[in-house]
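One structure is given below, encoded as C-alpha cells.
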Amino acid sequence: MAKKKLNIGLIGCGFMGKAHSNAYLKVGKFFDVPFEPVMKVICDSNAEKAKCFGDNWGWQEVETDWRKMVARKDIDVVDICTPNNTHREISLACAAAGKIMAMEKPLAMDAGEGREMVTAAEKAGKPTMVWFNYRRVPAASLAKQIIDEGKLGRIFHYRAKYLQDYTISPDVPQGGDALWRLDAKVAGSGVTGDLLAHSIDMATWFIGPMARVCAMTETFIKERVMAGGDKKMPVTIDDACAFLARFENGALGTFESTRYACGRKNQNTFEVNGEYGSLAFDLETAHELEYFNHADPISVRGWRTIQTWDSKHPYMKNWWVPGCGIGYEHWHINALADFLESLGSGKKLCPDFRDALGTQIVCDAVLESAKKEKWIAVAKP
Amino acid sequence: MAKKKLNIGLIGCGFMGKAHSNAYLKVGKFFDVPFEPVMKVICDSNAEKAKCFGDNWGWQEVETDWRKMVARKDIDVVDICTPNNTHREISLACAAAGKIMAMEKPLAMDAGEGREMVTAAEKAGKPTMVWFNYRRVPAASLAKQIIDEGKLGRIFHYRAKYLQDYTISPDVPQGGDALWRLDAKVAGSGVTGDLLAHSIDMATWFIGPMARVCAMTETFIKERVMAGGDKKMPVTIDDACAFLARFENGALGTFESTRYACGRKNQNTFEVNGEYGSLAFDLETAHELEYFNHADPISVRGWRTIQTWDSKHPYMKNWWVPGCGIGYEHWHINALADFLESLGSGKKLCPDFRDALGTQIVCDAVLESAKKEKWIAVAKP
Amino acid sequence: MAKKKLNIGLIGCGFMGKAHSNAYLKVGKFFDVPFEPVMKVICDSNAEKAKCFGDNWGWQEVETDWRKMVARKDIDVVDICTPNNTHREISLACAAAGKIMAMEKPLAMDAGEGREMVTAAEKAGKPTMVWFNYRRVPAASLAKQIIDEGKLGRIFHYRAKYLQDYTISPDVPQGGDALWRLDAKVAGSGVTGDLLAHSIDMATWFIGPMARVCAMTETFIKERVMAGGDKKMPVTIDDACAFLARFENGALGTFESTRYACGRKNQNTFEVNGEYGSLAFDLETAHELEYFNHADPISVRGWRTIQTWDSKHPYMKNWWVPGCGIGYEHWHINALADFLESLGSGKKLCPDFRDALGTQIVCDAVLESAKKEKWIAVAKP
Amino acid sequence: MAKKKLNIGLIGCGFMGKAHSNAYLKVGKFFDVPFEPVMKVICDSNAEKAKCFGDNWGWQEVETDWRKMVARKDIDVVDICTPNNTHREISLACAAAGKIMAMEKPLAMDAGEGREMVTAAEKAGKPTMVWFNYRRVPAASLAKQIIDEGKLGRIFHYRAKYLQDYTISPDVPQGGDALWRLDAKVAGSGVTGDLLAHSIDMATWFIGPMARVCAMTETFIKERVMAGGDKKMPVTIDDACAFLARFENGALGTFESTRYACGRKNQNTFEVNGEYGSLAFDLETAHELEYFNHADPISVRGWRTIQTWDSKHPYMKNWWVPGCGIGYEHWHINALADFLESLGSGKKLCPDFRDALGTQIVCDAVLESAKKEKWIAVAKP
C-alpha cells in the first residue's frame, strides 16, 4: 500500500543539510513510518552549491530564494538548516505559510527571538520539531527510559561536559561559510549555544527544568583573522563556558563546554547519580551506556557497560544485528523517524519549538550570569 | 559531468543483500567514484520477498531466476549474496557470461570449489571482488598502513579472536532462511568459514601467508530442531574452533572463534606484536585502534587509543567530521568505493577471488587439522 | 652504616593512624632515606585501643595523654592523626615544644585556625608536613613533571571530581568514632574539607593559585541519627559541593565532590587541558595516567595510557618491577620517604603548613561563596 | 593472648625473597592468623647479600649454607625462593628434616623431579604450599567463588594469555643472578614454566584438569651474550609458547605466553565463558573483575566491572576501605595468611606440592607437544 507523501523543502546546503538529506533518503528504507518524505526542493542562496548538492542527494528541484520555496503550496515541511541568525525570519514566514517545521538547533539567536517564533508557530498550529539529534542516540534514549522507569530513584546529581579542541590554534580564522559558529553576529554565542544547548536539552529531558544557574565564560584567543581576509578582529564568542545549576527537583548540576580541550573531539558526556543507581555516557563511545545498579548483590556489583545494539534497545530493531553498530548519521534518521511517526499519530515524540525555547532560556541565563557574575533565575518557557 | 553507469544485478535479499543495497544507494553520495552504480535488477527465488525488497531499496526490476538475470546483456556486475552452497554454480555462470563479480564471503564451500571458481573467473578476465568488509573498517585499514610503513618492524605475534554468543541456547533451531549458517550442507562449515574466514583474511592481508596450522573444533550442542519443524537432528557444523599457526615469515599466530562466548556479540579482535611496537583492535569499539610505540620516551610511553575519525584516517574524509563516527554499514560502502575506484583505474584495491581462495585453503586446512588432530601444511592458492 | 634515628610519636589510632604506622614500618625497607624512623610512642585517649594498636604495629610505648607525649624530650616528630577539631591545639603545643610535625589533612577547622598554626609553626622554625598523600601517587607525580616540563604549554582548563557514595542511605548515622567526618563540630565541613581539599591541593600544586571561586553546596539528607543513639539531629555538613574557579594564570577550573554518587567509591579525578596536550587521571585506576600529545603525527595520535610502573616513573624504582603495581598504602610511604629526604637535605619536597593553609583558604572561600551565593576572591596564604 | 610462634627460615635473597619477607613482616598486622611467623633465619650463598638483606628486613640470623639452616631444630618452616634447579635437592632435605615447606613456583625443573619431591613430602607428612600468588588477587579469588557457586553454569571456553615484553631487545643477556630465567639449565624452561605455569594453575583451579594439549614454542632471538661475559651462546629457553587444550569436563582452552609482546608488562589474563555468564580478568588492572550475567534484563544487560575492593570481596576486609586498592605485594600476604590459617585449622586452603605437580605435568606435556608437534595426553599428578 502506497504511503501518503510528504513534500520536503530543505534550506541550507551545509553540514547539517547533508545530514538531514541523508535522513530523508534513508528513513523509509529502515523504518515503517506513516509518511514517505519526498525530497522535493533544496534551497541555498548559492545557486551552484544548491544545484550540485541537489543533484548529489536526489532533490527534485532547486531554489535560491527561500521565500519562493516557502510560498509554494506543494511543500509540506520546511527543514531549516541555515545559520542561527536566519532562523527567526524564516520560521516566521513558514508559520505564516502554515508549514510544518523541522529546525536545526539552536532555536534562535536568543530567547527573545525564540518566544516570538514559538508564538507564531503555535498560532499557526502546525507541528514543529527541533533536531536535538543526540536524544536519538540509542544509549541516550535508553538512559531516558531507565530514569523514567524510576530505576535511579531520587536524582541527586547531573554532570555534563561537551569538550572539543578544534579552535586551539590561534591560526584558525573566524566566520565565513565553514566557521560562522565562531562569529557572534551569526551564531549568537559560542560553545553555549552550539554545544551546551545539547547538554541542557538532554538534562532537561532527563530530569526536568533548572531553577537557577551560575556561569563563567572565557575567550582564550582574543583576536582572529576573519575568514577569507588577513585582518585580525576581536573574537566575540565564548570559547569556553562552565556553569553550576540547581534543578527544580533539588538535584545539583554541573555543566562545562569548551573548544580548547586538546584531544577531545566530540566528548559529549553525562552522568546521573540517583539513590538506587547511576548512569554515565560519553558520545565518543556512543554505543555504550554505563549503568550502576545498587540493588545487585554486593560481591558482583559493578558498572555495567551496556552495548546498546540489541533489538530491544531503542531504534535498534530497525538497524542491523547485535554487534553491528550505527553512527552519527543514524541519530538524525532516528529523530526523523520519530517525527514522521508523531505526524501520523499526533502523539508528541520530539522536542518542539517550545521545548527548544526552554533550552534557549537557559542559554541566555547562562550568558547573563557569566556577564553579571551572579546567579540567575531561569524563566519559564 | 555525468558518470559512466554500471548496471548492478544483486542476488539474495537477506541480511547481506540489504547491506549491499544500502552501499549501492549511498556510495556516490559520499565518494567521488568513477562509476555510478545503477540498481538495475534484484533477484531472489522468493518472488514476494524480492518485490518487497526491490521496492524498498529502489531496485528497478525484479527477477526470481538468477540465470535469467545473469543472461541479461545490460547487467555489468553481479553481486552474489546467496548462501554459500550456491556460490560455485552462480559464479561459474557469471564467468561464462563475462560479468564482473562481487561476492559475499566466504568464496565457496571448500577450496576445491574455490579453485574451480578462480580458474573460471580468471579465464573470463573480468574483475572480481569478495566483500571482506572488515578490512574497510578505518581502524583496520590504518593498521595495515602502520604495518606496511614498517612501524612495527619484524612481526613476532598475531592473535585473533572472533567471539559471538547467539547459539548458546539449545532452543535455537538450525537451518532455514535465517539460520542456514548452522546447517553444514548450506554453509560448508560453522564458525570456521563464517567468522574465522574474516580473521584469516585480515591476518594474511597484514602479515602474509600462513605455512602451517593446527586446530581443534567443537560442537557443544549436539542436536537441534530443524527450523520450521520439531524434529531434532544432529548439528553438523563447528560451534567453536581454535588454531595455532606459523606464518611463512616466522611469526606465531593464535586464532579462536566461537558462538558460545556469553556476552560477546561481534568481538572480532586482533593484536599484532612487532619489535618496535604493537597494535590491538576490537570490532566492538570499531572506531578505535590501540597502538604502542616503543620509541616514545619511556616515562610518557603508553598504549595510544587512536580514534580513527580524523579526515586523515582511511575513508574518513568522505564521511562526517572528527568525533562523528560511522558504523557497520559504512564498511561496506568503503569497500564498494574501493571496488568502483579499482574498476576505473585498473589498480587492484580489494581482495579478489584468488585472495579469497587463499583464505578458503586455510579454512580447509584448519578443518582437516581438527579432524585429523595434527598439524597441516597450507597449500598455495 | 647505622642511620640517624628519628623518634616518632603518633596521635590517633584510627584509619589514618594505621596508614601512617604502616608507612613508618616500611619506609626504610624500600627507600634509602637519611633517617631511620623509630616507632617510639603511640597515643590515643582510649587506653585499650592504644595498647592493642601499639602491640600490633610495634610501637614501643603507649600514651593516653597527648600532652605528656608532646612534652617528652625524646620525641622528634609528632604525627597528628586525630579529628580535625583537635589539630589547632595539638599543633600549637607541638610548636611550643619545638617538634617537627606531620599532620594528616586538612590543616585545620578553618583558615583562621590555620593562620594561627602556621604562625606558631614558622616561629618555632621546625619543619612541617601535611600528608596530602595523593600527590604521591606515581601517576600524579608524573603529571606534575609533565606540566613542569612545559609539555602541555599554556593551561586552559582544569577539572576535578571527587566522588563517593557511602552516605546515600538515610540510615547511616553521623558522628562517633567512625563517622566524625559527618559531624561539622568535629570535621569543620563535609566534602569540602575532606575531599575537595585533596582536589584543591592537587590543582594548586599543578598550575598555581586560584584567584576567585563560586560554589554551591547541598545537604541531601537533612537529619540523621547520632551514632550510638536513636535521636535524629540536623546534619550540619555539606554532602555535596561544586565550584567554578578562575586561576591566577587565566585557566578555568571546575570542581565537584559528593558522597552521593552511587557507584563511585573513591573517584578522585583530574583533567588538565593545555595548548600542546592534555592529561587525565582517575584514582580508581590509580596506576594509569592518560596523556594526549598533540605533536604526535595525526594519523597515529591518541590518548596514551601510561602505566606508571616503570622504574623511570616517580617512586617506582623503590618498589617492584613493571607490571607489579602498588596500592593505597604506598602513597603514604612515598610521602614519608620524601619527608625524611627533605629533613636530611633541607630541600622542601612536601606540602608544609603554609601550603595547606592555602588549600584551607580556598575551602573557606568555597563555603562562604556557597552561603552568600556569590563569587569570592581567594586571599593569599 | 600471645600467639603460637612459627619460626621461618627463608632461602634466597632475590626478588621473591623480598616479596616473601615483606609478607612475613606484615601478615600479622592485617590478618588475625593463628600463628605469629618469626623471621628467624635468612639464607643465601652470598654472605654479604644475605647480611644486608637480613638487616633490612629484620631477619634475626643469617646463614650461607642452606643445609645448616635446614638442620636446625628451631626452624619450623622453610621457604624456598632459590632458582628452579635447586628446588628438588632442598625440598628433599627439608622433607627428610620434617620441615613445613613454602616453595616459590614452579615446583621443579620437570615432572620427574616433581614426583620425587611430592613423594618425599607426602611421606614426611608435613604441610606444603606453593606460592601461586595470583590465586590471591581478590578478583581471581572472586572468580573462583563465582564459578564454584555455579553462576556460569556449564563452562564452554577458557582462554588465557600471559604477555610480557622485556626480552625483545637482542642486547638483553641471558643467565646470571638477574636473568637466570633465560637459562634453561637453571630455569628448566622459558615462558612455559615461568608464566604459563601461573595460567595453568589458575585454569585448573577454576575448572578442573586438562586432558590433552597441543602446543608450539618459539625462540625468536637465537643467540644472546651470557651475563657478565661477551660471548654469544645459543638461547635454550622458549621465548614464546601457545597451546590448545581440552579439559576433562569438555571445555576448550587456549593459552599463550611470550616475552615479545611489545607494550605488555605483566598482562596475565583469563576469560571464562559459561552457559549463564562469563568472566574476564587482566592482571594489569588487577582490582577489576569483568562479569557478564546473561540473566540480567536484556535492555540493561552488560559486562559489569566489579571493583573488588569492598569488604565483602575476598581478603579485602583485612585491608583498607572501598576505593583504596592494594597491589602486587598484597597477593603474597593474602597467600601467606591462607597458609597460616590452614596450618591452624588443618583445612587445605592453598595449592600444595601435589597440586603444583599437576601444573608441572601440564608444562611438560606442553613442551613435549611443541617438540613432537602433536597432541599429548596429560597424565594424572
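Read from first to last, the chains carry the letters A, B, C and D; within each, the first residue is number 1.
The criterion applied here is as follows: a contact is a pair of C-beta atoms (placed from the backbone, for glycine too) under 8 Å apart; a residue touches a chain by one contact, two chains touch by 3 or more.
The structure displayed is predicted, hence computed values, not measured ones.
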Between A-B and A-C, the pair with more C-beta contacts: A-C
Farthest chain (mean CA position) relative to chain C: B
Whole-Å gap between the CA centroids of chain A and chain D: 55
Separation of mean Cα positions, chain C and chain A [Å, integer]: 42
Length of the line joining the C-alpha centres of chain A and chain B, rounded to whole Å: 36
Chain B: positions in contact with at least two other chains: 303, 307
Touching residues on chain C, where the partner in the complex is chain D: 15, 19, 22, 25-26, 28-29, 56-57, 164, 166, 265-267, 283-286, 307, 309, 320-330
Partner chain D, residues of chain A touching it in the complex: 142, 145-146, 151, 289, 291, 293, 296, 298-307, 310, 312-313
Chain A to chain C touching residues, read off their complex: 152, 156-157, 159, 161, 163, 165, 168, 214-216, 218, 220, 240, 242-244, 246, 250, 252, 254, 256, 258, 260-264, 271, 273-278, 292, 294, 303, 373-375
